[in-house]
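Chain nomenclature is as follows: A, B, C, D and E, assigned in order of appearance, with residue numbering initiated at 1 for each chain independently.
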Amino acid sequence: MKKRHQRLFLVLGTLAGVSVATALVLNAFRDNMTFFITPSEVQAKSEVPDRHFRIGGLVEEGSVERADDSTKVSFRVTDTESSVPVTFEGILPDLFSEGEGVVVEGEISPEGVFQADNVMARHDADYMPTAAKEAIEQAEGSAEAIGDY
Amino acid sequence: MWDGIGDFLAMGGYALYVWGAFGMVALGLLLEGILVARRRRQVRARLQRQSRRPAAARNQGE
Amino acid sequence: MTLEAERLACRRGELHLFEGVGFALAAGELLFVRGRNGSGKTTLLRTLCGLSEPARGQVRWLGQDIRRLDERAQRQMLYLGHQDAVKDELTPLENLQVHQGLRGERSTLDERLDALEQAGLGGCEEIPARYLSQGQRRRTALARLLISPAALWVLDEPLTALDRRAVAWLFGRIAEHLRRGGLVVTTSHQSIDGLPEPRILELD
Amino acid sequence: MVRPLWTLLQRDISLIVTRRQDVLTVVAFFVIVITLFPLAIGPEPEKLRTIAPGAVWVAAALASLISLDRLFADDWRDGTLEQLALAPQPLALTALAKVLAHWLSLGLPLVILSPALGYALGLQGIELAVLAGSLLLGTPVLSLLGAVGAAMTLGVRGGGALMALLILPLYVPVLILGAGAVNEAMFAAPYQAHLSLLGALLAVALPLLPLAIAGALRITLD
Amino acid sequence: MTGRSIPWLKFTAPANFYTLAQRLVPWLWPAAALCAVAGLYMGFFVAPPDHQQGDAYRILFIHVPTAWMGMLLYLLLAAYGAIFLVWRIKMADIMARAIAPTGALMTFLSLWTGALWGAPTWGTFWVWDARLTSTLILLFLFLGYMALHAASDDREKGGRAASLLAIIGAVNVPIIYFSVEWWYNLHQGVSVMRSDGPSMADSMLAALLLMIAAFWIYAGAIVLRRAQAEALSREARTEWAQAAAAGRLTREQRERAAVGIEGNRPPLESGGQT
């Protein structure tokens, strides 16, 4: 076999490998897989999965209730259309606050209450002084698009 | 912006985190600087020793 | 059919071994590389067959750069190094067969048995190599020379562990190869009386 | 050109199989690492089920690593590697044949055994199939990556530990996707995407990594 | 080896590099210090606290530069590795080897500062998300490069093997990033290099950019210094290196070294010709 042929085989092999890989990657992303599901999807599901899963959304304004004598907390996660009640026991991250993004991991109980064993705050990527942020929020209204996540 | 040195050092209650981060960076860069300077000195000293005794230096490499 | 080396310089780690080595070896010629321990004989031989890359210079075999030989030119060259490349688990016969298979060479069972017989391994063709002596393992490796169609042999210290009879046999074999127009590059610490008149390359 | 590779494949497999203890050691290692998990974590079925995909995959990665350590070592010591480098066929193909032989004799047994171990950890039905399937796609990539490390660390001080440092980080994507596929299957979620991506890794690794192995071998032999 | 005669390649001669670095570095230190002082002043005394994170966000001024430097240095390492593998230019290996420790340090510092920033804001020092995981792997790759380079007895061989590893790692890190991204995702989005412009107050951005500049210049200076030491030690037996060590490298010596006439070491007589 000549060197020229070897190189040809090499190029062809690499091309074949890369194109098969591309096809497979595209195929993978056609299957719509998401990191978390939204409260609307939880409501829409006729059958609630009996597994750990994650719900992402915003902490509903005015829904946070903390127990006095323990670290128990309950709140609702909303995507502005529907919301899911969540209970959690443990230390919440500092960025957890009403109206902010959150992802909760856990299972849903038969009563439809989501029992989280992990709460993750998603902070947005804006850095600005408090006054500026308030000005922007007043200008835009406080409704934030969930699509950012 | 800060009410005195104490307020500055307190960093709005995040002193441990902020100063821990900046301190480690300063320490790391300082240490790296010292190590590189030392290595440079050592190499130069070795080469100067060698050039004084060229015959011994030959074939010795490092 | 020539092996050419042009202004070769080689180094081993930080050590500069030699530089400016050049020669052209034609068909039917034997090159004997001589030098004290550590003068770079093995490195030179490995460079000549393309295993090591020279710091400077070039080796050409059949007009091609030794590091980029095509399949045909590669098959025309046989290298035997310090290590025998003999597998403990396999018998001499299997070793020979595998070695030929790896190089894409063909031979019949009779030819292989004959080669082993000539190399002085008659009777132990079917014994796993781990039971053989050092000399017998060396002979197993050398048996390749009998059935390989390669024109150029690069033999690094081929006499190691061989007894006098085996040495005589090998010398005869080399002489015959040269008569047929083959090329041999070799090195040894032992006496080479009995070989055809070699060209000598001194490394010091 | 096919014949030399076929010869090499046969030789390597027969060498590995003759030294039966190699296969046994690797398989035993795989099984023992997996049995350590229930012993360390406790026999709660629910907990075991949760960690099952990760446990099997970690055990497979470690088993692959320790068995690859010696992929080229014997050939290098007795001089066969020089002969392979000087053989007429490209060294990359030779390397591929050796990795294939290694995987067939030491990787495939793990794949075949994995459903049984998965079952012991509480996986069921389709999950077992996905586990075996993910290992089938993933372990060849592990073998190819490990072979690069084995070729790089030949004859280098502290070879084995160094190889783990070099290669384990590169195992990460395979591990994540492999264990991920089983995880998805465990929750009746679509797992095809993970398997597709594993397949994509294999498709890229198969033509490219043999070149890297050949490059590393040439550096070692130089 | 035909490449040796291309004129621009003479800049790859260690002797020329040494002199260039010798001239450059004395300017780099004060420049880095200046940027750092200005950046720290802006960051601590001009930039106001963040609306969400208060003063904790100030860690950003060192976290972002170190994280960038870590990645950038790894890309440089892989690029120099590739150059060394393909063209065998010794200087490329010297540079790659000089980059690795700084890269490892930067990557470590970005992990450290990130953890201390994550603790008050996310509520955890560490999460296994794509960026953190791939940065951790990056650190292992730097360490692996250094270990492999150091483990080989032959510096040239060690350099080539390590370069190969660096290149494979450069391909693998994005794959790791995406595989983890896919599997778990918590980290914030991109905040500086966004198509709609940086989403940051001006004073914060100014401080950040100054700090980034400071880290760039610092990394440049320290890498050049380390490469100088490495070049000297590798060429220990040459005339230029010994002159350079004594602090009196002449232009003539340098040019002679660049074209490959090495002084002080008489050519070994190879009896050579049959």
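What we mean here is this: contacts are C-beta pairs under 8 Å (C-beta built on N, C-alpha and C of every residue); 3 or more make two chains touch, one makes a residue touch a chain.
These numbers come from a predicted model, not from an experiment.
Minimum number of contact steps separating chain A from chain B: 2.
Each chain gets a centre from the mean of its Cα atoms; the one farthest from the centre of chain B is C. One simple way to say how far apart two chains are is to compare their mean CA positions; for chain A and chain E this gives 35 Å. Our note on geometry: chain B versus chain D, Cα centroid distance of 42 Å, whole angstroms. In terms of their C-alpha centroids, the spacing between chain A and chain D amounts to 34 Å. With centres taken as mean Cα positions, chain C sits 54 Å from chain B. Multi-chain contact residues of chain B, defined as those touching 2 or more other chains: 61-62. Residue positions of chain A with contacts to 2 or more other chains are 1, 33. Residue numbers of chain E whose C-beta contacts span two or more other chains: 48-49, 120, 153, 182, 265.
Residues 1, 153-156, 265, 267-274 of chain E touch chain C in their complex. Of all the residues in chain C, the ones that touch chain D in their complex are 49-53, 71-72, 74-75, 77, 79, 81-90, 98-99, 101-104. Those residues of chain D that touch chain E in the complex are listed here as 148, 152-153, 156-158, 162, 165-166, 168-170, 172-173, 176-177, 180, 197, 201, 212, 215-216, 219-220, 222.
Listed in rising order, the residues of chain E touching chain B in the complex are 44-46, 48-49, 54-56, 58-59, 62-63, 66, 101-102, 105, 108-109, 112-113, 116-117, 119-120, 218, 222, 225-226, 228-229, 232-234, 236-237, 241-242, 244-246, 264-265. Interface of chain C with chain E (complex): residues 12-14, 16-23, 31, 56, 199-204.
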